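Below you'll find the structures, each written out as structure tokens.
One chain, chain A, appears in both complexes that follow, with chain B as partner in the first and chain C in the second.
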Partner chain A sequence: MPVALSSDIPPATVIPLQTPSGPMALWRSASGRLSMSADRCPHRGMRLSHGFVRGEALSCIYHGWSYSQDGHCLRIPAHPDLEPPAAIRVATATVCETGGVVWLALAQTESQPPRFSHHTPLRSLAFAAAPTAILVALNGRASADGSMQGELAGLSVILLCAPQPDGTSMVHVLAPSDATLEERLAISSATEALRRTAETALATEAAA
Partner chain B sequence: MTTGAMRDEWYPVGLRSKVDAGGQQTMLMGEQIRLRETPGGAVAVETADGRALPVVVGHGHVWTSLGQPTRPLFAIPEADQPGRRLVEVGVVRVRCSPLRAVENFLDIAHFPFVHTDILGAEPHTEVERYEVEIREKEDEVWATKVRFYQPQAAKSASGGITTDYMYRVPAPTCSVLYKTCPARPGEWDVITLFVQPLTEELCDVWPWMALYDDVTPMTDLIHFQQMIFLQDRSILENQIPRRLPLDPGMEIPTRADLTSVAYRRWLKRHNYTYGAQLVAQ
Partner chain C sequence: MKLYDYILSPSCYKVRLLAALLGIPLELRAVDFHPGGEHRKPELLALNPAGSIPILEDGELRLTESAAMLVYLASLTSPDWLGRDTAAEAARTEQWLSFAQRLTASLGGARLCEMLLRPGDLAALQAAGIAALRELEAALFAQRLHGEDFLVAGRPTIADIACFPYVALAPDGSVSLDPYPSIRLWLRAIRALPGFIEMPGIHRLHELKPEPVHGAEGEPA
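The block that comes next holds the complex of A and B.
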């Protein structure tokens, strides 16, 4: 499933994400490698998304324990001479990046995330609506890969919707790669209008 | 949720200096309570349905209990020594278990990362071996011979020093810290953390201090301590699970965590479980 846009996560940063497997921390090392781990430090439960990236490791903000991309604890600052036991590790998940979108592999899967040859990421927005309501509001088509195609501001767009545990959706908008700045701005405001429609439809449905 | 054995303990519910005849409302373990000064100058505390609760005034605060405390409020003899300044820091509300708040106070390994350049700084991150015991006679948790390098240990300290500490847990939601006194070598500054459990996942923290420091303005002392606790709050509100696991469960303690391990063991032994996570998650 799509979880973020590559541009949301520059080198040496970490962000929190809600996923079907629970709260996760998505981070990019200084050299640009992307990893995802559970958002919970095995030491004393601090959220790792509040931590910091140094070099190729993610460190917890509470006591500074640091973790490699495969989740192993590399260093315990309180005991600098101790080699952390291999048993200390944080759960990880598989992520990959294509065309400016970050994908989380939900299960052991061989399949590659979809590639969109004519579209590039524009922006991400949170919708207080489920993907089905968004599809209706867009009046678009859903593909087997989970993406939605439709038109906004008269231009062809692709929406990638990541349902959140609280019933809302994170929507990543892809615009035609050759769109001009003006067209991109138009799609951007049309997306906000789409959000209002999808959220109102939901409210009307709830009231009925 | 039942309040368990913690019901019969004393809890801070306000600064004595702030209670007047007009009274004030607060909460203790999920129950609304009301504090007011009586015409005779004493303090009365009662529940919403008018039940009078036991009251004691000590260490700058008003203490009460929903149950029947079997022992007096713990003493802090050092705080009574002449020449100390008593600092009422006030209150910090934290969305966390009251037990998590105490455990964090007992922890030194976080200083370089949470109180960067104040109570600790890299690369001085090592926690040397220290001693921890549960003193049976007093029924208290004690950690002694704790040493840590600090860039600015107190408002009155200029430059880095290795600071000695002792920690004491005399009640399930209270801790007293004794710390090298920069202004008077050989004496200990007293810094306390009194925690009022509002619910199992919400607390009011009342730091209080008894210091040898005649120089620093009172507002600076208060601001220094408030800043420290606001830094701690950003941690405490983001730990999973919210309640304190009494068994390690999914957590991994190391030698630096011995005080925390003893504190959890002591809580468990007494059935002090308000704010505790009983099933590992």
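The block that comes next holds the complex of A and C.
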């Protein structure tokens, strides 16, 4: 499933994500390598997405325990001479990055993420609506790969919707690769209007 | 220059933060806002009948609105921070200073409900806060498309400082910041500014300093 846009996670940053396997921390090392781990430090349960990335390690904000890309604890600052036991580790997940979109593999068998030859990522925003309601509001077509195609501001767009555990959807908007700055801004505004439509339809449905 | 201050107040922090970023020393006078309610007692009401903090005094000048304090501090030493290079920039800066009041009322109101158990319609305050965050996210995304990291320009201004604290502390009012990638990058850009100071709930970027070395205690960091 699509989880984020590459441009929203520059080197040496970490962001929180809600996934079907629970809350996860997506982080990019200083050298640019992307990793995902469970968003919970095994020490005291602090969210690792509140932490920080120094070099090639993710550190917890609480007591500074740091973790490698494969999830092993590298360092415990309060015990500087201790080599952390191998049993101290965070669960990790497999992510891959294609065409500026970060994908989480939900199963080992999952096929390669789709590639979009004429579109590039614009922005991600949360809709308080399910993907089905968004597709209706867009008046678009759903593809076999899970993406939606339609028009916003008179331009062809692709929406990648990631349903969230709380019933909302994270929507990643892809714009035509040759769109101008003005056209990108127009698609961004039109996406906000689409969100109002999708969320209002939902409220009307609930009231009925 | 004397600031009547409360460590947990985002509005007081705006003034402390800008003073730190601009290198202006402040004399801090702690106010027992909670639980003492000192801001509603005669000594402080005499300075500010509205009963709010912060209050900034510099000689004969006494200010009771944080936006005015930001204007004053920037005007003293760093007019670049006023965000007034063009007519449009000046107007946009004013727009965000007013928008900051919406953040105070919505996200700040939710925070007071959750942290100090003040009465209020929490769900309505949170909904208003989310509406404001969505507006901010859209504006910051447009700024990114223009290649600018801050609200009105490629450089930070008082508009950023006015909006920063209540946004950063939204989770105190149980409003999540997780769905806003452009806000996240903007918060980070502010926290990366030279001279940035913390307040409870808003920490500095530890990664900007090298990893502390064991056995090096006593040496300058």
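The rule we apply is simple: the second predicted complex is superposed on the first by the 207 of 208 C-alpha atoms of A that agree within 3 Å, B and C clash if a C-alpha of one lies under 4 Å from a C-alpha of the other, contacts with A are read in each partner's own complex, and residues count from 1 in each chain.
In this text, a residue touches a chain if its C-beta (ideal position, glycine included) is under 8 Å from a C-beta of that chain, and two chains touch if they have at least 3 such contacts.
All figures in this text were calculated on a predicted structure; none of them were measured in a lab.
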Q) Of the partners chain B and chain C, which touch A:105 in the superposed model: first, second, both, neither? A) neither
(Q) Going by the contact rule set out at the top, does A:181 touch chain B (first), chain C (second), both, or neither? (A) second
Q | Contact breadth on chain A, by residue count: chain C or chain B | A | C
Q.
According to the stated criteria, A:190 is in contact with first (chain B), second (chain C), both, or neither; which is it?
A. neither
Q: Using the touch definition from the top, say if A:54 reaches chain B (first), chain C (second), both or neither.
A: second
Q: Please indicate which partner A:130 is in contact with in the superposed arrangement: first for chain B, second for chain C, both, or neither.
A: neither
Q. Can A:4 be said to touch chain B (first), chain C (second), both, or neither?
A. second
Q. Which of the two partners, first being chain B and second being chain C, lies in contact with A:78: first, second, both, or neither?
A. first
(Q) Tell me the contact category for A:40 with respect to chain B and chain C: first, second, both or neither. (A) first
Q: Considering only the touch criterion stated at the top, classify A:12 as touching first (chain B), second (chain C), both, or neither.
A: second
Q | Set intersection of chain A contacts, chain C complex versus chain B complex | A | 61, 77, 80
Q: Provide the residue numbers of chain B that touch chain A in the complex, in ascending order.
A: 107, 109-110, 112-114, 122-123, 125-127, 234-235, 238-241, 250-257
Q) Contact residues on chain C for chain A in the complex? A) 134, 137-138, 141-142, 145-146, 178-179, 181-182, 184-185, 188, 203, 205-207, 211-212, 214-215
Q.
Show me the residue ranges of chain A that touch chain C in the complex, using the header's touch definition.
A. 4-5, 8, 10, 12-13, 15-18, 52-55, 59, 61, 77, 80-81, 123-126, 168, 170, 181, 184-185, 188-189, 192
Q: Could you please specify the touching residues of chain A with respect to chain B in the complex?
A: 23, 39-40, 42-47, 50, 60-64, 76-80, 82, 88
